[in-house]
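Shared between the two complexes below is subunit A, which has subunit B as its partner in the first and subunit C in the second.
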Partner chain A sequence: MLYAIQSLPFLWGGLLITLEVSALVVFLSLVAGVVLGIGIAYGPRWIYWPIRIYSDFLRGIPLLVLIFFIYYALPLVGVNFTNVMSVVVALSAFEAAHIIEVVRGAIQSIHHGQNEAAKAIGLRFTQRLLYVIAPQAIRRFLPPWINAVVDTVKGSALVSLVGIVDLTLAIQQVIGRTYIPMPLYVLGAVMYFLINYSLSSASRRLEARFAYIRE
Partner chain B sequence: MSYHLNYGYIWTHFGKLGWGLVLSLELAFVSILIGMAIGLSLALAYTARGGLVRRAVAGYVEFIRNVPLLLLVYLVFYGVPSVGGFAYDATESFVITLSVYAGATMVEVFRAGLAAVPRGLIDAGKAIGLTGWQRLIWVRLPTMFRIVLPSLSNAFVSLFKDTSLASVIAVPELTYGAQWINTNSFRVIEVWSVAAPMYLVTGYVLLFLLQRLERRFSVH
Partner chain C sequence: MSEPASVPVVRIRGVKKAFGSNRVLDGVDLDVHKGEVVVVIGPSGSGKTTLLRCINLLETYDEGSIQVDGVEVGFRDGGEGIRKSRHDRDLSRIRADIGMVFQLFNLFPHLTARENVMLGLRKVRGLQTAEAARIAEQWLARVGLGDKFDSLPSQLSGGQQQRVGIARAVAMGPKVLLLDEITSALDPELVGEVLSVVQELARDGMTMIVVTHEMTFARDVATRILFMDGGRIQVQGTPREVLTATGHDRLKAFLARIEMKHH
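Up next, the complex of A and B:
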């Protein structure tokens, strides 16, 4: 137990890496996911199909396989990223594929009458999207998106497998020195739990708040 | 310098990937069966009892869903034997982890399924004189299974992908086989460009087969 407390400053460093990687991935995947999600909801066939294939492909392979693939294969084709950059790319690409579906679902859940009414009063596409569709779709988007954020934080634990000292690898390293696995794993689990539980309870509160919206 | 693709090493050692895939499927299958048993009993306990039981079940679900699976894998493989004074092999330990993990998903699935059984069906069961247990076995459970079938197939495919984490404790499944070839030959692009489609194709074939099953048993 004493060792677990003494190791806290070291774990703190790992926790910061976990949070930094997660925050970067959340941002990148949100931008990519929203742009591609709008593309898949409104785009013509030549935009729709590449995004569809991208999304179905990435959602069909395990995140771990994607991380190893990108981590090992990028340097061979001449792209030299640091290890942090390459896992950020892998995680963002993976989470973006999920967010595309969340965005598509949110947009398509809005009754098409809304879009037609906006057309009838003469709004252009961007105006319809910004003033009519987005304000309604965002309520359907937020709860599943926060679940995707929780998945990102959980998925970021996999970066420890390519040698980045995040919370998970920091725990492993402390255990490697002290040989007391159980208290440290429990401590780590509690740390992840606190981060993710506060996120998922925020998601539930939002869901309850938007529950009044019915077709 | 350009990189020359050479798949020779992969094909000579394809057994590592092929048998790895079989083990991955076995791990996912056993885990979803145990997970369903955990999930069903806890969902029934949750629905039947209030207070403490509910809070305990909710606690289990929240804990598992908010902690990375990787950490749970480590915790069960390295952590638990260190305090329990016993040992199990990596495969057993991973099956336990994945089952407990699947159980948390299954509780939610079955709980929603039980709540979605139409009230009228249960009342009709009461009207023809079925006891509580009889209603459960002949009315609520069969209806619930038909309602939750799509969620079950998604959960199964998802678990199949999660079996890739077994590679970190050296369970010789597909990802482990791919890593073995990777470190022994450095044929990096080749091996992952074979392993990734193996997951992809297997996942979609499973989904296709399960969707046919869903149509067969559809409520509508």
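Up next, the complex of A and C:
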């Protein structure tokens, strides 16, 4: 137990890496996912199909394969990322593919009459999206998006595979020195759980704020 | 002073539209002048709702021309007679001057009654919040909802929701108001409160095109009634001329069916 406490500062460093990678991925995948999700919901065929193929393909391969592909294979064609960035790019591309579908589903769940009414009063496309569709769609967007965020935090543990000392690798290194796996793995699990539990409870509070919207 | 032959508010010429192989509009011509209330009747599938939706381009049309206040709605001139589709910005500007009230109300469920009416005033007309609120409250009071400014659509009855829908459309100061079967989704006892609002608008000189199955209402409010069938205007005239028409078989059959439903 003492070892566990002594190792806390070291684990803290790993935890920060986990949080930093997660935050970056959550941000990048949200921006890309929302833009492409709107493209797939409203775009003409030449916008729709490339996004459709991207989303289906990325969701169809294991995340680990994607990370190794970007880390080991892309340098062969001259695209070099640092080890952190290759995981950030892989995770973002992977999560974005899921968020595209979440955004598309949330938009398409809104009755088409809403868009028509917004058109009829003369709102332009971005205004329709901003003032009419998004405020209603966000209620359907939040729960699956929070799932994606939780997946991201857990998925960020894969950075340890390319040698970055995040929470997972920090724990393994401490275990390597102390040979007492049990309390440290439990500690690590508790830390991941606390991050994700606070995320999902924050999301529940957020969802409650939109509960007044009834069609 | 006699009115010179004015430019019609809505001018429709030879409009055709097909959904796949199904021809819904088969050459429609129509002029609607300022202050006219044109009621369109006809069996379902006759093209009346599609015609209405073409006027603010919620549906596109394949052939012909629809002008509102002299401006072609469906396309812009691409030079050498080529039709090009309008940019979203142009189209929005045209639509802002065409009011529409929907069968299923289509109120914005996340906004209060006042905010529903204010949205277009603020974002399309560019009014300040206070001014938009003042106009919204004025119109809501006029449709008898002076005590419902802060209600969400889900807290209102169908009849009240539809009156908000009317207020939302007329507050924009449209050149023409399109009413698409606005009482069809209402319980019978709520129909009257909505129709009396429309009647009042008609008295104030609002130019309207109304698609409805309410024949009594049509007779009372219309300056002209059109009977559509098979994507064409088959008969038109004053309410008396059309509703007592005996010369047209399909119109007679239609009126008889409507009559039966109401007894």
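Please note the rule applied: the second predicted complex is superposed on the first by the 203 of 215 C-alpha atoms of A that agree within 3 Å, B and C clash if a C-alpha of one lies under 4 Å from a C-alpha of the other, contacts with A are read in each partner's own complex, and residues count from 1 in each chain.
Here is the rule we go by: a contact is a pair of C-beta atoms (placed from the backbone, for glycine too) under 8 Å apart; a residue touches a chain by one contact, two chains touch by 3 or more.
Since the model is a prediction, treat every value here as computed from it, not as a measurement.
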Partner chain(s) touched by A:57 [first = subunit B, second = subunit C, both, neither]: first
Which superposed partner A:168 touches (first subunit B, second subunit C, both, neither): first
Which superposed partner A:132 touches (first subunit B, second subunit C, both, neither): second
Touched partner set for A:26, first subunit B, second subunit C, both or neither: neither
Partner chain in contact with A:197 - subunit B first, subunit C second, else both or neither: first
Which superposed partner A:120 touches (first subunit B, second subunit C, both, neither): second
Partner chain(s) touched by A:100 [first = subunit B, second = subunit C, both, neither]: neither
Of subunit B and subunit C, the chain that contacts the larger number of subunit A residues: B
Complex interface listing, subunit C residues touching subunit A: 56, 58, 88-89, 92-93, 95-100, 102, 104, 106-110, 119-120, 123-124, 152, 154, 168-169, 172
Footprint of subunit B on subunit A - complex, ascending: 57, 60-66, 68-69, 72-73, 76-77, 150, 153-158, 160-161, 168, 171-172, 175, 180-182, 185-186, 188-189, 192-193, 196-197, 200
Complex contacts: residues of subunit A adjacent to subunit C: 111, 113-114, 116-125, 127, 131-132, 135-136, 212-215
Complex contacts: residues of subunit B adjacent to subunit A: 3, 62-63, 65-72, 74-75, 78-80, 82-83, 161-165, 167-168, 175, 178-179, 182, 188-189, 192-193, 195-196, 199-200, 203-204
